[in-house]
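Per-chain numbering from 1; labels A, B and C assigned in written order.
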Amino acid sequence: MALAAGARVQARALLRPCACPGRGPGAGAGGGGGGGGRAPGLTGLALWFAGSRVLSAAPGRTPAAGGGGPGARCFGSPRVLVEPDPAAGMAVMKLRKPPVNSLSLELLTELVISLEKLENDKSFQGVIITSDSPGIFSAGLDLMEMCGRDPAHYAEYWKAVQELWLRLYLSHLVLICAVNGASPAGGCLLALSCDYRILADNPKYTIGLNETQLGIVAPFWFADTLVNTIGHRAAERALQLGLLFPPAEALQVGIVDQVVPEDQVQSTARSVMAQWLAVPGHARQLTKNLMRKATADRLLKQRDADIQNFVSFISRDSIQKSLHVYIEKLQKKKV
Amino acid sequence: MALAAGARVQARALLRPCACPGRGPGAGAGGGGGGGGRAPGLTGLALWFAGSRVLSAAPGRTPAAGGGGPGARCFGSPRVLVEPDPAAGMAVMKLRKPPVNSLSLELLTELVISLEKLENDKSFQGVIITSDSPGIFSAGLDLMEMCGRDPAHYAEYWKAVQELWLRLYLSHLVLICAVNGASPAGGCLLALSCDYRILADNPKYTIGLNETQLGIVAPFWFADTLVNTIGHRAAERALQLGLLFPPAEALQVGIVDQVVPEDQVQSTARSVMAQWLAVPGHARQLTKNLMRKATADRLLKQRDADIQNFVSFISRDSIQKSLHVYIEKLQKKKV
Amino acid sequence: MALAAGARVQARALLRPCACPGRGPGAGAGGGGGGGGRAPGLTGLALWFAGSRVLSAAPGRTPAAGGGGPGARCFGSPRVLVEPDPAAGMAVMKLRKPPVNSLSLELLTELVISLEKLENDKSFQGVIITSDSPGIFSAGLDLMEMCGRDPAHYAEYWKAVQELWLRLYLSHLVLICAVNGASPAGGCLLALSCDYRILADNPKYTIGLNETQLGIVAPFWFADTLVNTIGHRAAERALQLGLLFPPAEALQVGIVDQVVPEDQVQSTARSVMAQWLAVPGHARQLTKNLMRKATADRLLKQRDADIQNFVSFISRDSIQKSLHVYIEKLQKKKV
């Protein structure tokens, strides 16, 4: 478990107040255009990850978070905008890494930090996770992190992917995923790790673990998470074929819980959150842990082996070639 | 496993013939008004439980049970009415603890004794479990057994809950549950432990494991039983939210197998029973065991630890307070 | 694991070119009338099974298989007709043991040999498994192999059943099952072991693990395979009752993936195959293994114990009597 090295930084440097567009109609979907800059004082990607460890030991709550009321200020990090609503006992967390919210090492780390911050603040019992760029929820794992890098980087990256999943899957917060755009691969995993999934009814917004289509293989804990959600048979077929489900099929197979018109995704998420937060919190948290612990434990018992599997798999020439081909295809599409 | 102490009594004293309203139309639903008295010679609740052990070693069959034919007499215990129908190879077992069939230590014990009695009598291959008070199947575990008592009592009570589940879940008898009323929490567990569930189509008759709504947590084997019935995802959501499903939703999620008009519940149960009893019994029993043994074994391997978990959880001040609040709310509703 | 003895033979003697009816319309459904004879040089059933081992060590590819193009010749063994279509990267494998494709030791062995042959030939990434006698896919395990024989025979037979399941369930080939007739018991297991199941829409073509109806019990790995396909609850009920599902119900419960008009089964299978073969093969194979290995391992860890269980179960007088009664009933039906 000593794979991520690097000097420790003040993680709270990542968390700074930002201009908050308010919570009026439409605010959830647009806004947040600025603030994409880099937090000062960071010397490298490894530091970000190590930072999440620091935060874990010392909560590092900023004054902006604990306060609140309807006028609570937004905060967040360069790639994760957090809009707190302590009056409702919740916050909205928006992925903000244009153009496609690819889960880079930095975004993964900032997500973990933001989540820990909210978990350590008793004002919050729930988080709505959504995209700041409607149209794309998240394109999933960042192929640039898995292509043409060295084994140490792959190891660090994979550890961060594990970390995010473990944090989300076992979070004592209620996590509602407002899937307001396409959600392939790692984007789908992110959604599956929440407690409830609402998908915008737009045929372009497909969701699924489509790794095989890229010539790569979802690890066992991606598969476990999908099996827990849609059952063994549907998962087996979806994983082998790398299926991406459009809304109606996604609902039918159960990979999302609800499909609503695009402009109702955020409001529905808030209604659902209110329903979940009405349940006595302690009992709900213990129940969630009861249902998810065995699945999380499977990874916890073999994190290092899983990292090594990933590193050796992704380092293969044939896999690197597949990824190159896929990346080129994506880049041509853009042009 | 030495948690239940107490002097042993003649368990067969619990089983006595009673006036049987016959099996004509309507008999299954009403009747059984008398017989609610207390069996003589019992000195306390612990004795009842110890009694089930005695019965286990020595079947204690009463003449009334083995005989039969269409005119077979009813028998049972104060809180469980048994209407044998040896010609059909089955009996109807009715919960009779007004007003809500709460699963007190006494009712749990009598259910186990009645079931053992039928299991030990080769005239019977199946049992229909239903309520003698249509409108409420069972309100579940008796909160009075879990509130304001001492740890030894909690331990004894929980062991009896375990015992009933283990008996039902692995019974070689075909168990059809005729759910003719509301069936929350422990009432739902009772239904889930059977082989088939028929719910009366009345929107008031909801069914589910709603423990979190009371601020308590269903133990892992309640959760396992629900997962085995409706799958992991539906169970995770239902358990976290403490959902109670009305008939149409109950059928859709699969927590019951069939929904029929209220006046057809008992006759449907008999038809379904005939279908199940037409299967060669030995093969069916081995198959049932094959499907359920691993789940039962999870509890069997840790019964004492599970009891201790329950005792320490239920003894917490915060839990006791939640239960008090809930009980008071229930009592106000009645007034 | 030393249960199957017997001299080794040249397994390739089993594989010989045969007259191929071509792949024009209708060819898949009819034809194959001849070729039912016995391969020369075989001295007994045990040899056939031992032969599959020989082939495993030495592929024994025949020239007819590796070649191909649209005009590739058919090959196969007396009871398994193989129609290669290397241009499409696949072959059609037809069960040809009239009248009901009962899975005799010989048929089991030939299926394993044919499958291994295709697996060892890189021209093939997929196989469509179907019946050469539309109307019956396979009547399942051959009762004649389980009735009135000695324990050594039962052991050998059961090992062959295990072998076929393990081969199919973990095959790196895409297996599409074109279920063009009734498919009870072992016939259903064969279908369940494939990656995708298409059933002809004819109410007579029922599918299911109906072992209990015969007074016997499906072993744990039959049950596991069914649970993986239709979930725990549906499997528990289906196995206890020995249910055979007609097409609409089969689709609803998920024991098949698709129901199509009878004359479209083969063409649909080809379309589905094309979809599966479009997925990068290596990633798909690793994913399949990820999803199925744990289930296969359960048997692999206790193959001998499972064989001994079968032998002692099937040798019981009561079971032998049940089977005799059932066989007589079947024979009367024919007359």
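One rule holds in what follows: contacts are C-beta pairs under 8 Å (C-beta built on N, C-alpha and C of every residue); 3 or more make two chains touch, one makes a residue touch a chain.
By chain, UniProt protein names: A, B, C = Enoyl-CoA delta isomerase 1.
These figures come from a predicted structure and were not determined experimentally.
Student: Answer with same or different: of all residue numbers used at the interface between subunit A and subunit B, are over half used by both copies?
Tutor: Comparing the two copies, subunit A and subunit B contact each other through largely different residue numbers, since under half are shared.
Student: Hey, what angle do you get rotating subunit A onto subunit C on C-alpha, to the nearest 5 degrees?
Tutor: 120
Student: What is the distance in Å between the mean C-alpha positions of subunit A and subunit B?
Tutor: For subunit A versus subunit B, the centre distance works out to 43 Å.
Student: Specify, in ascending order, the residues of subunit C that touch 2 or more different other chains.
Tutor: Residues 231.
Student: Looking at the complex, which residues from subunit B come into contact with subunit C?
Tutor: 195-196, 227-231, 254, 257, 275-276, 279-280, 282-284, 286-288, 290-292
Student: Which residues of subunit C touch subunit B once you look at their complex with the stated criterion?
Tutor: Within the complex, subunit C touches subunit B at residues 211-218, 220, 223, 231-233, 235-237, 239-242, 318, 322.
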